[in-house]
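Sharing a structure here in structure tokens format.
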Amino acid sequence: MEIGSKIESILLAYGEPIALSKLAKVLGEQEDVIRETVEKLDAEYLEQRRGFAILRKENFVQLVSHPDCAESIRKLKRIEDETTLSPATLEVLSIIAYRSPITRSEIEMIRGVNCSSILRSLSIRGLVDRIEESGDGRSYTYSPSFSLLKILGVKTLEDLPEYANLSRNGKLYPDQKESVSA
Amino acid sequence: MYSIKLEQFEGPMDLLLQLIEKNELDITRVSLARVADQFIEYMESNHNLPLEQMADFLDTAARLLLLKSKALLPVLQFTEEEEEEIVDLEERLRLYALFKEKAMLLGGMAEEQRYMFSREAFVGLDKMFLPDPSMLRVLSSDLESALKKLLDTIPDPEKLKEKILRRTIRLEEKIKRLKELILQRTKFTFFEIIRDRRDHGEIVVSFLAILELVRQKHMTVRQEDNFGDMYVEKIVEGK
Amino acid sequence: MEIGSKIESILLAYGEPIALSKLAKVLGEQEDVIRETVEKLDAEYLEQRRGFAILRKENFVQLVSHPDCAESIRKLKRIEDETTLSPATLEVLSIIAYRSPITRSEIEMIRGVNCSSILRSLSIRGLVDRIEESGDGRSYTYSPSFSLLKILGVKTLEDLPEYANLSRNGKLYPDQKESVSA
């Protein structure tokens, strides 16, 4: 595979701005080669009227949507700004509300379904707070955010209906061990 | 009966498939009848089969015996449902063989690690593009009912275990009761034993019991016509 | 700006799998037009040897990196190899991949053995999607997830070996009706 294709696929997957030096290192190339290839890619996108563009700031680059497409993305956001939540999202939110602080794998043990994208979207929407637990950047717990409490109109979690009773339900505390052995 | 070395297997259908392959047979009704004894022998000699799987193995054994009794005694009348079970087992095993082969291909594809990566949602996007939570209308009672509904659908693991255990014991007990019944009598025919059967499972269980008693040299079986009734007789000690 | 560019820019910004119907709504186009354009885009990426590919499953699409770049991206994201799949797990996965949507009892018919714990673990790992059928939260069908396509490195289920013959539409074998176990 060509170096250009490699760079664009890395930029797609990485998302955040990435240092040219980091790209150079992972691809085993000179930084100058990377810089030139990135410029060539961006010129190609422009010429082919692609929906992509590469932002360059100092020694960082990032693959983003072309500015001319901003309107479509804004429209999409308006569609995403639903006033109600899907049943799956409500389910996750209810687990977090009644059993916080709780880790992702605990939530998944209770639901029996992967929850990563729902949790990401709840965090992005500011409905739950993600708190780093151990400092290794890999274990987090989730809790209801202040704005969620505001939307729900409660001052503390204890004000949720049947909080004392539901938060102690044994099914919310499944044994971690009996699970994931596929 | 000769013993056969088997690879690790992933359940009754896998065991059945491996027996067919080791005997160099194709997946047909006749082959299935031929490996029925080997299947049961393997099952009985393998006492560390996990309990949760025991019922599944017994279930497949029961279907195999139904098939075998049909092969030995074509005069036996089968209900439509029983006939279906025989056809089913053959078809299911064919499907299983196909998907087992594909499973290995898929495993190979995953091992090549040609993963495709996607971007996390809204990563690196400007705040103005992110969804706005202030539009949201959620009531605390919505959360309460969502949680209650979820808790309702989570099965109680203890109850599940009990259910599996009960199913296994039911089959095992049936076999045991029948063996005792047979041992009390010195002479009988297969048709007599199954005359009052309540369901198709009982033919199968009877067959299983007789087979085992013959193997343990408690009984002999004689068949006068090729596909006629079977006369079962107790072997008298010291004879 | 052209429809294709708009689509690719949305796919990039959205990240997750997105419904064709949503794209159609945002862009004010017919779903068929969107579907065709997505296929054209993917063909272009292939022809121009781009680092991108578009996954397609049912009515959802997702922009992903090219499989040839997997290693660099894994290194960069420090992703450990976590996809050890046991033979039993692979059996269940292959049945679901070829015969979806499929119920648990149909899978158990083929395997002759209870599959609930494998299904639970696959669903928690996000390799299969569990779809509620009746609304009572008790009957589900299973389908391959986008994560599974990504791990296998295939863009659509049709790219699986012999898919046309083995899928439900292949009519090689009739659908199984009966169920096997408790």
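Which chain is which? They are A, B and C, in the order written, and residues in each are numbered from 1.
Rule of thumb we're sticking to: a contact is a pair of C-beta atoms (placed from the backbone, for glycine too) under 8 Å apart; a residue touches a chain by one contact, two chains touch by 3 or more.
This is a predicted model, so every value here is computed, not measured.
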Which chain would you call central, comparing Cα centres to the global Cα centre? C
As a test of understanding: of all chains, whose mean C-alpha position lies farthest from that of chain B? A
If you average the CA atoms of chain A and of chain B, how many Å lie between those two points? 43
How far is the middle of chain A from the middle of chain C, if each middle is the mean of its Cα atoms, in Å? 20
Centre distance in Å when chain B and chain C are each reduced to the mean of their C-alpha atoms: 30
For chain A, give me the residues that contact two or more of the other chains. 9, 12-15, 64, 73, 112, 117
Touching at least 2 other chains, the residues of chain B are 117-123, 125, 129, 149-150
Please name which positions on chain B make contact with chain C in the complex. 8, 10-14, 16, 52-53, 55-56, 59-60, 84, 88, 91-92, 94-96, 98-100, 102-107, 109-110, 112-123, 125, 129, 149-150, 152-153, 163-164, 167
Of all residues in chain C, those that touch chain A in their complex: 1-2, 4-10, 12-16, 22, 25-27, 49-52, 63-66, 68-69, 72-73, 75-77, 85-86, 88-89, 117-118, 120-126, 130, 147
Chain B contacts chain A in the complex at 117-125, 128-144, 146-151, 154, 157
What residues of chain C sit close enough to touch chain B in their complex? 12-16, 53, 55, 62-68, 70-71, 73-74, 77, 81, 83, 85, 87-88, 90-91, 93-95, 97-98, 109-114, 136-138, 146, 149-154, 160-162, 166, 173-174, 176, 178, 180-182
